[in-house]
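Chain nomenclature is as follows: A, B, C and D, assigned in order of appearance, with residue numbering initiated at 1 for each chain independently.
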Amino acid sequence: MEDLIDTQSEPDQRGIKIDWVGISSYSHPIQIHDKSGIKQNTVAEFSLAVNLPQECRGTHMSRFVEALNESPISMSVNELHSIPQQLLGRLSAKHSKVSIKFPYFIEKSSPQSGALGLMDYEVNFETVANQDEVDAKIVLKIPVTTACPCSKAISERGAHNQRGVVTYSVRFNDTLWIEDLICLVESCASSQLYSLLKRSDEKHVTEEAYDKPVFVEDLVRNIAIKSNDLPNILWYRIEAENFESIHNHNAYAVIEKR
Amino acid sequence: MEDLIDTQSEPDQRGIKIDWVGISSYSHPIQIHDKSGIKQNTVAEFSLAVNLPQECRGTHMSRFVEALNESPISMSVNELHSIPQQLLGRLSAKHSKVSIKFPYFIEKSSPQSGALGLMDYEVNFETVANQDEVDAKIVLKIPVTTACPCSKAISERGAHNQRGVVTYSVRFNDTLWIEDLICLVESCASSQLYSLLKRSDEKHVTEEAYDKPVFVEDLVRNIAIKSNDLPNILWYRIEAENFESIHNHNAYAVIEKR
Amino acid sequence: MEDLIDTQSEPDQRGIKIDWVGISSYSHPIQIHDKSGIKQNTVAEFSLAVNLPQECRGTHMSRFVEALNESPISMSVNELHSIPQQLLGRLSAKHSKVSIKFPYFIEKSSPQSGALGLMDYEVNFETVANQDEVDAKIVLKIPVTTACPCSKAISERGAHNQRGVVTYSVRFNDTLWIEDLICLVESCASSQLYSLLKRSDEKHVTEEAYDKPVFVEDLVRNIAIKSNDLPNILWYRIEAENFESIHNHNAYAVIEKR
Amino acid sequence: MEDLIDTQSEPDQRGIKIDWVGISSYSHPIQIHDKSGIKQNTVAEFSLAVNLPQECRGTHMSRFVEALNESPISMSVNELHSIPQQLLGRLSAKHSKVSIKFPYFIEKSSPQSGALGLMDYEVNFETVANQDEVDAKIVLKIPVTTACPCSKAISERGAHNQRGVVTYSVRFNDTLWIEDLICLVESCASSQLYSLLKRSDEKHVTEEAYDKPVFVEDLVRNIAIKSNDLPNILWYRIEAENFESIHNHNAYAVIEKR
């Protein structure tokens, strides 16, 4: 079949280079090495792309899949550079871009009874590479409890609270564990979430959240302060969104370090 | 072009009838007559289907769209039968099935300051028709606040609460207004939601929710009791789902009248 | 902490039993034993529920999570009964209901070059149990190619085709492998999908799809016929939805064995 | 109630300013003036935000809703500045940010029979404002047909094709009609989509798409060339994503004018 026309490799006369071309919504099983040394098995959704110079008509889409198939994907936070660098060679490209989004689990003890349960988080490794360097970001979605300071201050009893989600994106040097980033964010909310809470635990998190109300503004500011204190965080973007229990819309706030 | 082959109309030898065939995810603007006599303009997502007897190879998909195009769609809860009946004729079918899902708005005064705001709800008109009758259901998604009775009872202060959503499906005789069904459901929750709350209103809903905690089980039971009291509700299915503020999973409960 | 009030265990006077109460959208890693004897690691979304008699105010939500935590979840299609039966005991219930939805992978060779790639499918194990029996369903979402017979018949060249998805639900006796069900469905479409296709493979699937056009009606009928021929399939529901390449809406068809 | 504590207005000592704070997922009916002079009724999802200086603890969330409630929302593409400017005053802010996302309809005649049908598109008005200027973008999601040039070139018959979606973002001066932007994009695809096609129309679009195959790379380049030719388009970002009929993943390409 070697004489089938290679339409993609035709020259292109339009004089327009393409920033990114590749595949999206590609599912593939992976292993992630967590802080405790365990290799977590999970399933990732990949987006993979490269630049395309103006003189080429098309990229070779099958090579993205081949690149992932070449070896089992088992990686740690220190190895985010490997897949984007592999794409540069595989697709003869100057720039490559990779997003690897997956559910990630942390075992937690509940705060009073010590009951063990797995909490799930969404992690996304986003990288852009060229020959000389790889720009890597970790993007975490961390669900939290937020109790409203205004509601508490003005009400004789109770305070509205709700689930919120913090989207925490960081660039970093040195090793940075997902577990530590999640811990940082959770310490800034009214309470962290748990998958398993017995009655004594529920009392604990209810009172803790009531005692530590945070606006969505407080939440992003507190995370920014703690992030500023960590020298290995070079850049961050913090977005918090509260699924307000008293409204059908959400409240949100964003801080980006520039 | 009248001599183009009509593949759909070919006879079929496989001896298998098809329960439903049609189109889905079809967007179209509509008007809904609300209780106050106003015609609300909104945008609906339609699914339209008919049965197909075993001797026909295919249906004529374009006729579903033609049926909706024939006249502007402006309807009240009393006219749910019109589109499914139109399909029976248009597609020479014995059975037809229609789903019309759309956002619907109700203007509310906030409980203390009287500030006016529009609350949005998802409404779905689901009908199945044959020559003799139309089986019509209204399915409403109604967001509410729920405060947890256990959390309140065991905690010295506060109670976890959250947004939840009730999916309330009813079959009925006589006229039944969407507004009245929503009102019934909202009266069974810890608090209803509002789009606009001033500080005095926020105090009111916080205290009201704290004073009236409901489990997801309480919520569906309270709605069942009120539904049983209304003679024009012939059947219901009540599902409540709470986006728990202390967990990353939800709690849910279902009661169906049989 | 044993003296904390147990609000859920209070008696209930409303006289209304609850069909289902439990948790939804709960993420947990699992292992599934595939036909080749390999244990696939994947991540499932669980819904777990039990009935609640009229005299009890609430269920104990934490016990659902405890039931899943008690032992690593590693199961085959023959063991669908284990989790729902465990819930009956754990929650002192008469009825339990479990849904376990997860991505599942099958390694395929491409049809000409033999290139290997992983195709992903969505699998859902749905069970309802009581003391005496477990009613188990497997629900698969299988993406396929469909080329339109009408478009081919009336056009001088080409035929519109598109991705579609078949939702295939079966009840069965004996062992039934997910791989065999997927194979059955894929053989009824214009072509199956692959994650990795080289140029010779793309020629093959293009011509194969053009040579074997199927309406959404043909697709569900062909699957019904093959399902009828398998004695270990007791019941099925076949739904196909085509993401039409010439419309912004979808075409769908449904056959259910009664 | 004027003596309720105003927690949001407390001074803040953390020294951290917030880029954006506001509300998201807020539903509200609107009218959009289309090119033909008609006011289309539709329903929008709003996100509204302002900056918050470091010395303020919180914003006043209810004022965002009040701003939308003050007058019926009926606007044309020339009036994108009005809501963000209103927010600056309402919330005493230096910067504001608004996103208004809604379904939009265009009536089309089918290419042969002239049958009339409404095609739906997703439109998003995204604006960022300060006292001096408003930066406005229109973001359109335009579904199209793409037939694969490689598949056509190597196959003896047929060519795989599929639905794709182009996300076309533009900044502009002068008036720019949504209808013209959609027309520009649709002219670059293998075929545009229609809601209503009779058999003669289906023949037309099938043959047209087969005669004009485009890679996802061709599609974005063709749109870039046509955009470059329009002097009132100041900036663009073109993203195309094809829901490949032969894969379960998508192909995508992006060009941004810098």
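By definition in this document, a residue touches a chain if its C-beta (ideal position, glycine included) is under 8 Å from a C-beta of that chain, and two chains touch if they have at least 3 such contacts.
Keep in mind that this is a model prediction, so the values were computed, not measured.
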item	value
Chain D against chain A, contact positions shared by both copies (same if over half, else different)	same
Chain of greatest Cα-centre distance to chain B	A
Euclidean distance of C-alpha centroids - chain A vs chain B, Å	34
CA centroid of chain A to CA centroid of chain D, Å	25
Geometric centre distance via CA averages, chain D-chain B, whole Å	28
Where chain B touches two or more other chains, by residue	4, 6, 26-27, 120, 150, 154, 195, 197, 199, 203, 247-249
Graph class of chain-chain contacts, one of line, ring, star, complete, other	complete
Complex contacts: residues of chain A adjacent to chain D	4-8, 12, 14, 16-27, 47, 49, 52, 57-59, 61, 149-150, 153-154, 215-218, 220-222, 224-225, 241, 247-256
Residues on chain C engaged by chain D in the complex (per definition of touch)	119-120, 143, 145, 147-148, 150-151, 154-163, 191, 193-195, 197, 199, 202-203, 205-207, 209-211, 243-249
Contact footprint of chain D on chain B as seen in their complex	1, 4, 6, 26-29, 40-43, 62, 65-66, 69, 103, 105, 112-113, 115-118, 120, 195-200, 203
